[in-house]
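Accompanying notes for the structure given below.
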């Protein structure tokens, strides 16, 4: 087994809001391997952004890592305090790209001033970066203000900035959600190209499973602050084990049959202020077992690369029939395995 | 093993998840909770209530004097001028022998009255003009022009001018301050209205055929309650300060109507004599307590009413 | 600029008319105040264009108003500018410091100061400064042109309101900017806090700040009326109070006109500064011309 | 889905402009025409800024039409119209908005929100009847009648969107414009709303216009689709026909870029870029042509020739 580049174990992140404590991340464990693209999927509030922000020490002032560790380059990032320490990591080893390119650039600064480099050599490097992210006429663009760029162009500039210190890990937080599909495809292409060129490791946060299918080599599914299922892209799409992943996949109109109702999840995610007993997904889960309301499921290993947190994988659990869409996808998994 | 028994499909109604989905958040509840956590503001609120109640009931308390009565000495029949604070006159007397304690509370009543009247007027006109300005596009140009004219002249100057033209009286005061006082309020309200005017829920109301008047009263004004209250709370100390200013430059109320501005002005004339400074200090302290309380309370309230500060 | 000025003068021309009842019939006639208002207005503009502001009636009878006011201007200007400079520099420093230390005790202290100055009527704290600071510091209580020491207190008092104003706005805008996405990005690319503060936050906070320059200017004007009379500075503010107490209409009117012009001018400068500091505004105009 | 040939809604040469100060007005929508038949779900697809929302808003008369006509059951409803028609249109044409967080009045109770249209059209006899209508609408969208006394912030995104549907439903509409009704919802909740819309259509014989940027959703829910680019319709066809035989290069490009939640298919897909310059419209102006029955496309004579060949 390869040594992970970054390793998170049993991480708890809490926030204090007006005297109450919210547990945003509840015991997440995750390994990131060099050169891969890991997609983190989950709905809003599932903690995917919070988790990755903790890798660069950018949690909001009222949040803190309560337990667990984040191991990177022989250090435990969870123990980092103060900006001085973080600046050795942030931007230089791990860089981040945010969702909305329209607000991510200082409107009063030209592109030139956004790059953290200075001097003549720096200018050449910046122009080189701009052309690498696919900006035409970088010499001219270099002196323009953000409002003179379109959304897709801005996102390219943001990516160029993130790349400027040659980081090892690039975290992309929903970088294409605010963009049109055609532009989205271009940006995804760009990220993939940069990845092979620079041997980058990419963490990709999104709620769009189509995007996941495009970019990811491995997928982690998050629900209510924990990682409920994690595996290679093929394993998650074609051989999902957790009922939440089932629900996500089978509620997609792309996979649905026209004229028939889609599979849908009822209710809403749990309140993270309250203590969660058992499985967080249980109240909305039509496959819930009694034990889901009592005891938190452990991680069950499905394959060396695939695990899921659901009691359904316990040998004592009854066999359940997954939704039709999932069975359909599983057929492909078996097919794929036979081809090999 | 007992756990074994738990490995059966749960017979629970998934529809229950629907019921548990809503939160128990309530806007005003949260506002009050956040406000109550700000002890300084709660203290100011308490102080204001006490002051208000006291000024209201003070004339009916036993052994209170008429604020305009000139007290004469029992023996010499001369005016009891500048008597220092003591058991007889709690806050002393002024330069013609009137009881400062009675004058201060009477003055507080006058000044607060002026303040509340002016603040109500300014906020009322400000809301009306501001909402029309912000919401009715046809009026936008005209009102913007009017605003440019009114805003370009220092309001202190306009106020001075009006007070100068009219005979000194309480109504003059109120008019002078009311002529331009609503201008910044309306501008503020307009900005707020423009922020919420094109939110989707207003479009939805228009789709449903809701009239403009109803959109303003049901969709827009309820969102502005907190900022309106803030404006109101801040307009009162503003009006009191203006009253002090006008009195200072000689356009204040006649002396037989005590007001905090009057009293400070009277006190100022004697301030060079250290033993008589109490005549300046007492009214100044009362003014400052009132204005600071309103200010702190108003700001704390607007912070508390801001949903971003709620959980 | 002209478009903005015109209606104001119209307003004052109108006022001319409304001021009239205070005066006696004879004077009214002599001044031509019984003419229809549009003729008055025309006369007023006509005179104004020649730099004639009318003559004083009571204060110094029959002396042109311009002559009375002219010698006062340098004093007011001197103190006005000194106060502006003080309030701008100290106010910005205080505000920036508060924003940096947001939530800690220096911030709370600064906020208390801002609340105090905004809430308490200016007259009250001006009086107390004159009363007690002169004793404590031994600075002169009245202004005298020969003693520069006596200039300190008036200038400082006049700037107090401005300091509070600038500190409050710059703090608020800096805190607003700090919450924006591009600050996240700037930090994510590894910039230090100090650099983020100065190269991004401060400059961007300045843009909305510029809009509030004129308001603060107006505050300084109002303050100057007090201060000049308190410290017996022979400036326009003191003159205004004198003119009011003696009911000298043309003089009051002329002073009011001057103060309003300053106000308008302040707003105009605000607009220009706004265009200079914000590239987006510049572009829009240039784009229209292209 | 049964689709009669009755035209419910017709848009003829619609033009929508926005005035920005003294400058030339910005043309959001130019010369657009289409028909919507009773009982069908008509999709309108385009990228951001294409003008799709402007069309929808012109149809509910929030945006004024700068030119052209909008006909409801053959009657013109834009411009000045009679009071009775205005009331009828207000009641029969409803809209569902994109953002459930922004489209409900936070300061009003659900009861008022749902009943707002009823108040305006006075469509009830007594207070009790109004209450009953509100409860019914809430039940129809799968919410409990007791929710009427609550405020919107007590609900989740999916529940709020259903309140928005109830608000439209209570008016007994015939035609509903759904402007990206699921794009700001969480993935897990989208299915709820899509199912609900489909179910209501069957029960009440509703006609929908479904505005979206997400082609996969459009494919799932619509019967016919129109593709709009920069304020102009470029292609209109039955949904399956359009997905099987996209003709216009813009449509082809859009279809090729749609993400598919299946790694094998997604990683194998080839994106066709679209270059607006590829059309040579200097000499031959494009026109709106029915290439095969019910399949319209924008193009000049040469292009249409080419499209026909491709289909053959």
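Letters are used for the chains, namely A, B, C and D, taken in the order the chains are written, and counting of residues starts over at 1 for each.
Throughout what follows, a contact is a pair of C-beta atoms (placed from the backbone, for glycine too) under 8 Å apart; a residue touches a chain by one contact, two chains touch by 3 or more.
All of these numbers come straight from a predicted model, not from anything done at the bench.
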Centre-of-Cα separation between chain B and chain A, whole angstrom: 50
Cα-centroid distance, chain B relative to chain D, in whole angstrom: 49
Cα-centroid distance, chain C relative to chain D, in whole angstrom: 54
Between chain B and chain C, centroid-to-centroid distance (C-alpha), Å: 24
Multi-chain contact residues (two or more partners), chain D: 156, 159
Sites on chain A at which at least two other chains make contact: 266, 268
In chain C, residues with contacts to at least two other chains: none
Chain contact graph, described as a line, ring, star, complete graph or other shape: other
Complete list of chain pairs which touch one another: A-B, A-C, A-D, B-C, B-D
Residues of chain D touching chain A in the complex: 1, 47-48, 156, 158-159, 186-192, 194-195, 198-199, 213-217, 219-221, 253-254, 257-267, 271, 273-274
Chain A-touching residues of chain C, taken from the complex the two chains share: 180-182, 184-193, 199-200, 203-204, 207, 277-280, 283
Of chain A, residues touching chain C in the complex: 56, 58, 83, 87, 90-92, 95-96, 98, 100, 103-109, 113, 116, 145, 147-148, 158, 161-162, 164-165
Contact footprint of chain B on chain D as seen in their complex: 57, 60, 62, 86-87, 90-91, 94-95, 97-99, 102-108, 112, 116-117, 119-121, 142-144, 147, 150-151, 153-156, 159, 164, 167, 171
Chain A - residues contacting chain B, complex: 17-20, 266-268, 271, 273, 282-295, 311, 314, 316-318, 320
